[in-house]
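Sending over a structure as structure tokens; questions will come in a sec.
Chain naming follows the written order as A, B, C and D, and within any one chain the residues start at number 1.
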Amino acid sequence: MEKLKNIISLTIDGQRITVQSGTTILAAARKLDISIPVLCHHPKLTATGACRVCIVEVNGIPVTSCTTAAEEGMEVITASPYIENLRRDIIDLILSDHPYDCMVCERAGSCELQELAYKYQIRTPVFRGERRIYPKRDGNPFIERDMEKCILCGRCVKVCDEVQGVGAIDYAYKGFQTKICPPFERDLSCEFCGQCITVCPTGALVSKPSLGKGRQQDIRKVATICPYCGCGCNLTLHAHKNEVIRTSSPKDSINEGWLCVKGKFGLSFINSPDRLKTPLVRKNGVLVEASWEEAFTYTADRLKQIRDTRGPDAIGGLSSARCTNEENYLFQKFLRAAVGTNNVDHCARY
Amino acid sequence: MSSQPIEIKVCLGTSGSAAGGEEVLRMFQHRISEQGIEAQIGRRCTPKKVGCRGFCSRDVLVDIIRDGNKTTYQSVTPIMVERIVQDHIVGGTAIAEWTVTDEYASFHEKQHKIVLGPCGEIDPESIDEYIAMQGYLAARKAMTRMTPDDVIDEVVRSGLRGRGGSGFLTGEKWKVCRREEQHPKYIICNVGEVNRPLAEGNPHAIIEGLLIGGYAICASKGYLYIRERYHRSVERLRIAIEQAREKGFIGPNVFGTGFDFEIEFSFGTEAFICGEETALMESIEGKRAMPRVRPPFPAVQGLWGKPTVINNAETFSNIPIIIGRGGEWFSSIGTKESKGTKVFTLSGKVRNNGLVEIPMGMSFRDIVYGIGGGIEGDKALKAIQVGGPSGGIIPTSMLDLGLDYENLAKVGSIVGSGGMVVFDEDDCIVSVTKFYMEFLQRESCGKCTPCRVGTRRMLELLTKITEGTGGDEDLRTLERLSGVMAATSLCGLGRSAPNPFLTSFSHFKDEYLAHIRDRKCPAGVCTALIIFSVNEEQCKGCGLCKRVCPAKAIAGEVKKIHLIDPDRCIKCGACFRACKFKAIKKQ
Amino acid sequence: MAGLATVFGSGAMTNSLAEIENNDALFVIGSNTKENHPIVALRMIKAVRKGAKLIIADPRRVPLVRFAHLWLQQRPGTDVALLNGMMHVILNDGLTDSAFIAERTEGFDENFRKNIGECTPESAEKITGVPKEKIVEAARIYARAERAGIYYTMGITQHSHGTDNVLSIANLALMTGNLGKESSGVNPLRGQNNVQGATDMGCLPNLFPGYQRVTVPAVRRKFEELWGVKLPEHEGLMANGMLDAALEGKLKALYIMGENPVLSDPDMSHTKKALSSLDFLVVQDIFMTETAALAHVVLPATSFAEKVGTFTNTERRVQRVRRVVDAPGLAMKDSHIIMELSGRMGYSMPYHHTEEVFQEIGKAWPAMAGISYSRLDEEGGLQWPCPTADHPGTPFLFKNGFPRGKAAFSMVQYTPSIEQPDAEYPFTLTTGRMLFQYHGGSMTRRVAPIEQVAGEPYIEINPEDARDLAVTNGTVVTVASRQGSLTVKAQVSARPGRGVVFIPFHFREAAANVLTSSKGLDPICRIPSLKVTAVRIEKT
Amino acid sequence: MEKVLTKILDQHRKEKGSLIALLQRIQETFGHISEENVAWFSRMLDIPESRFFGVITFYPKFRTSPVGKNTITVCCGAACHIKGADKLLDTAREALGLSDDEDTTADLSFTLQKATCIGACNIAPVVILNKQVHAGMDPVKVTKLIKGYEREEFLGYL
């Protein structure tokens, strides 16, 4: 039972707010629509406190707002010149160990680091120095892992462990050499759910099949539903011209923004060259291309003929669990109303 | 003729052993039994091992206690044992030329040995000897006559602060944990590298302190976190635990009070970051030692998510003394805010390297020149680094500063767990700073940005300077970087990592500028900035330099002046060291 | 679904996916959730992380077992014995919810109790191979939990006694009152994106849209009015009945939309033979499937990404499908094809927009009357029943009672599966899906990266069996059943228990349904027994 | 092999030890922690291999390649550093014929390691050969130490 004593009030940038005890400063600030930049924080994962970008000032001391719980009477300043300078320098440090290849990066335009570099106008870092170079590329066919772009926020490690329950990757080595990788630096071998791509703030983890297929600004995004199992995951399909090149999922959906390998990577069948593109009619034992008119006429004639000679119950229909409600409705209506039989079923009704 | 037994105490600390202590002890045992010495003189001779008494530069140290007189021999080797046995043990005459000199007395005189007191006196593997000097009385007193709150009050009264680094008031920390309602609770003793002499010399004091602490916060389990490779410390603590368990001091129903307490080892492996409390807990849990964000503090949510107190072995060693003699007594030692004593490993270019315990507030001058006996080879003192790798560098001008938590904080340093390294005129401050930064960047866990990237960038900039390619702007960048790291790093390692640079830069700015503007290393250490050449007036043409030069960079005929080819010279310094006529110049 | 409908009067997941994470206990039986419903599994893992107890009953060590508190490895097809054993414990320990039983159920009578009383954990252990301690523990965890949910899939239904399994599960839930509340219920997880919808829409021989019986005159009259045409009075044939009728020459034409029964139905040669004996076969699909290859007319249809409409997911949530790209070539929307054919057959279906169809569904079935495209666009998805425009949808069912009044206990006794291993066919084959592939593979097998990591069929063999057969990873073996045989590479794995083997059914080159039997259908819902087939394994 | 692993596993389960304790035991037994052994324990304990690898690579003590019969550790703490630890390291490397990126001799007789401070600052510089600490070392002593040891028999792991 939550009691009233668990309610605390504090001020953030001079605005008063009342929150449940245990609420972080970051969460409280967001309630006030005060934006604090973050890189390692992710609302669906446990706090890490690693990137330090979300620092705010409490009693003159910088604390990470993503991990510090609000306290009664706390006075928080989110963007004093002192804090903004520190923040800028932290981002600068991250950029000093990050490749400057936004021009070819898949995430350009949707990269959280790029966004911060832009906001703080960091063109060349003050803190220049050696950058991690990893010549080896991961051979798995789904996830491009460019660890030079990794800012070690740890979101991927946490999502893989906490959400997906797999633990395919973890931090390895330490200090400046710290690297997130599969065991013994083998190629990634996992469920390939792509959750790590979803949470990655930079271009370190991107979908391999979509590399080079379309830039963020040239993409149309359409919300729809996954065609695979019955979970009904919400998908956002990213289309470039007439091709679906990538999938993401809205984070507040019933699937909470998570997908599986099929939903995330399994939709290229849409643009498969194997797709049936024209009606086929069997002639002399062979299926040959036909016009719609020919196919419709032939089909309707044959069905009518059978119905007229053998009765409507000589005709049956099998509908599909892959088709829409509307199509299924029309299908059974067709058999019942147009053909006149209840011989309708679907294969996967069990 | 007296029948009082003769005691022979052989120092078998890390240093004593390294110097051949075991061999010396074996020699004594062998001589005494083989030659029937005991029968010959009609009394018992008991050679025994004792822990480190601190004066390690003269190891192996051996005490002979005969008829109530203690004679200490220094630098004892196995060969010397025969004569000591004959002349001193049998003959009753000490061998004056082998005994310790005045410096041994002055080394000890200015110290105030509370926790180190029994080290070097008692056999660390004997609980009876510990009990004989009132061991476990404090624990008995705490558990039978005091409530946990009383114990905490006493520790609060003593003003004891954590000896591991942060210097947080021990009693206050315990109080927070005591208040937590969640159970079980844990109490952890970190046995760090500096604590090894304590573990080796008087392990029962640590166990007793841990036991009292466990009682005070109502923990049921104590952990001894220690690196596995400290074999001797581990072994002595293990023996101590077994003995204490046999006596019923740990285990179920301690002292019949119904309090159950178990102690377990948790073996760490080498990682400097494990000095950080939360990283240490991660390590005990078997994970990568990456510090956790705080709050929540360990006293509220620590090991396995349960309330936990962590102190180091020196802190725990003080506890039986505080309970035994009272917090009031303890607080009479030291300064206003820093009570008691602190153990340091005095090392570097000081004459008397060793383990010292000083009352808080003692000046660096007294430590270096009083206890330490001054600088080796009568060179000039340059600086003192205190507080471990992330401590600060104290210049000669601050020699009269009293060593306590407040003063060190004021000069940008920390007390730390007790490292003190002395540098002389031959040491380059920039190079030393670079060395510490190299260590810190290697030991950074890599979790937070400022420390992971910052330490690397600082190292790169310092390297640039020592290589003579630095510019003034690099100093500004270093300062700016220091500010970010100190303000925003996740744990103490990153926050204190700029200390060596900040303190050395503020006191030795000229030396930095010499590297940058003059491309010179005044101490002649930074190889990129030094040139070896032959002083023609002193060269006798002996050819030794030519022979030792690995790069074949020296040419010259016998009895004629030799020359160094600067292009070939790899600046290894072999010629410099080899020349008997000081004819090689280093600039 | 027939089972659940019998008990409660409605067959669907009683609860929502989001409720899973608030379960105190989860009983997952016959469901390889982590591979087949990966996102549901994430909710289950979340529940475990929040402190829930997870019990899994499965003949294979499915990946979710990693998170389970208890894993019961029952022999394939012995679920009723296991469930009855658990109920025995619950009855014995007095863990039943008597208030719930009294108020909301019927049939909890002497006979029922006597039947359960005979099913001791000891006897269950003998049948199932699960140690009785585990049965006892599972029963107690489930019965003592405040909010307990049961989750199952084809591991329960695809048996010659699938309906019994479902009834048994329902008994367990009813007995402990785990129904009609948030986070506690009986939840069949649907294997395909719109199975729920296809069923809801009345693609069933006995039911109109909304589970309304074709044989009830009043219902029929309502639909005759709505559709303006006279409708047939008797029930039609079920899918396998149609195949049998085709073989018998009674069914002459079949119109298949978006299905591939050759691969997905049991006993492939039987299916092929049946389809080949038709006078006329029309297949409407997006790929040239094994079934389409037998057709007289193949009509190119559109994929989900090329059309608008709605899908209903496993938790009865109706959600919008939207067009992303244009269909390739001359491919046409399925609805247009049906409308065109219907017109040519003399029954005009003049819809101008898909939404008009959806509106008509609302008229046919009151439970969906409150849902509209605009609401779906705004609210993201609605769970039926949702009778009015201001109704928020129904996250969990039976809050205020069961559609049939009182829920009925059913007396269920363990009956062995039809396919029993013997000396000639000593192994029990169970089939199912793997994470990477989907169903007959017509979609996933055209995705290159998926084929790269999981493009090869295999048979899982227990390490001890493998040793006896002198088989190692990659050894090609012949697997033969009473129906047929195939060759496939062995994968030695500790997942199945001894004597059990597993083949994923996605691969046409080693189609598991060559082996399965189309006989031994469940007497009530005519579901084939795909999970238990006796096979023999030989090195080739 | 499997028997040895099972024994370690049983003991680990009995003691409810941490992952680090397990890795220490594996290394004690085999001298190093092989990929195959990690895979085996990962399977038996259902702990992802990535956790093992993360811990192994965090602590410099753990190694994934076989260790030499003898281990020479040069302390490189501050006190040892200013007293010439780098030179000792170079000397040892040369005496053992190791290149900069090798730490173990080809015949697996020696492994050379660096230690951060081992806490024997007062007797710096120190070199540890197997368990024995050698104080006040210089390059000549290091060479002697190594050459003297090379002749001795080693009882080896398992």
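Definition applied: contacts are C-beta pairs under 8 Å (C-beta built on N, C-alpha and C of every residue); 3 or more make two chains touch, one makes a residue touch a chain.
If you're wondering where the values come from, they're calculated on a predicted model, not measured in any experiment.
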item: Chain centroid nearest the full-protein CA centroid; value: A
item: Busiest interface, counted in C-beta pairs; value: A-C
item: Rounded Å distance, subunit C centre to subunit D centre (Cα mean); value: 56
item: Whole-Å separation of chain centres (CA-atom averages), subunit A against subunit D; value: 44
item: Cα-centroid distance, subunit B relative to subunit D, in whole angstrom; value: 23
item: Inter-centroid spacing, subunit C versus subunit A (mean Cα positions, whole Å); value: 28
item: Two or more partner chains touched - positions in subunit C; value: 66
item: Set of subunit D residues in contact with two or more other chains; value: 51, 54, 58
item: Multi-chain contact sites of subunit A, meaning residues that touch two or more partners; value: 171, 173-174
item: Those chain pairs that satisfy the touch definition; value: A-B, A-C, A-D, B-D
item: For the subunit B and subunit A complex, residues of the former touching the latter; value: 288, 290, 293, 295, 441-450, 452-457, 460-461, 477, 480-481, 483-484, 487-490
item: Touching residues on subunit A, where the partner in the complex is subunit C; value: 140-142, 162-165, 191-193, 208-209, 220, 222-234, 237, 239, 242-244, 253-256, 258-262, 265-272, 274-282, 287, 292, 295-300, 302-304, 306-307, 310, 312-350
item: Complex contact set, residues of subunit A against subunit D; value: 161, 166-174, 181-184
item: Subunit D to subunit B touching residues, read off their complex; value: 17-22, 24, 51, 54-55, 58-62, 78-79, 81-82, 115-124, 126, 131-135
item: Subunit B residues within the subunit D interface of the complex; value: 14-15, 17-19, 56-57, 59, 192-194, 196, 228-231, 266-272, 283-289, 345-349, 353-355, 385, 389, 419, 421, 423, 427, 432, 435-436, 439, 442-443, 445
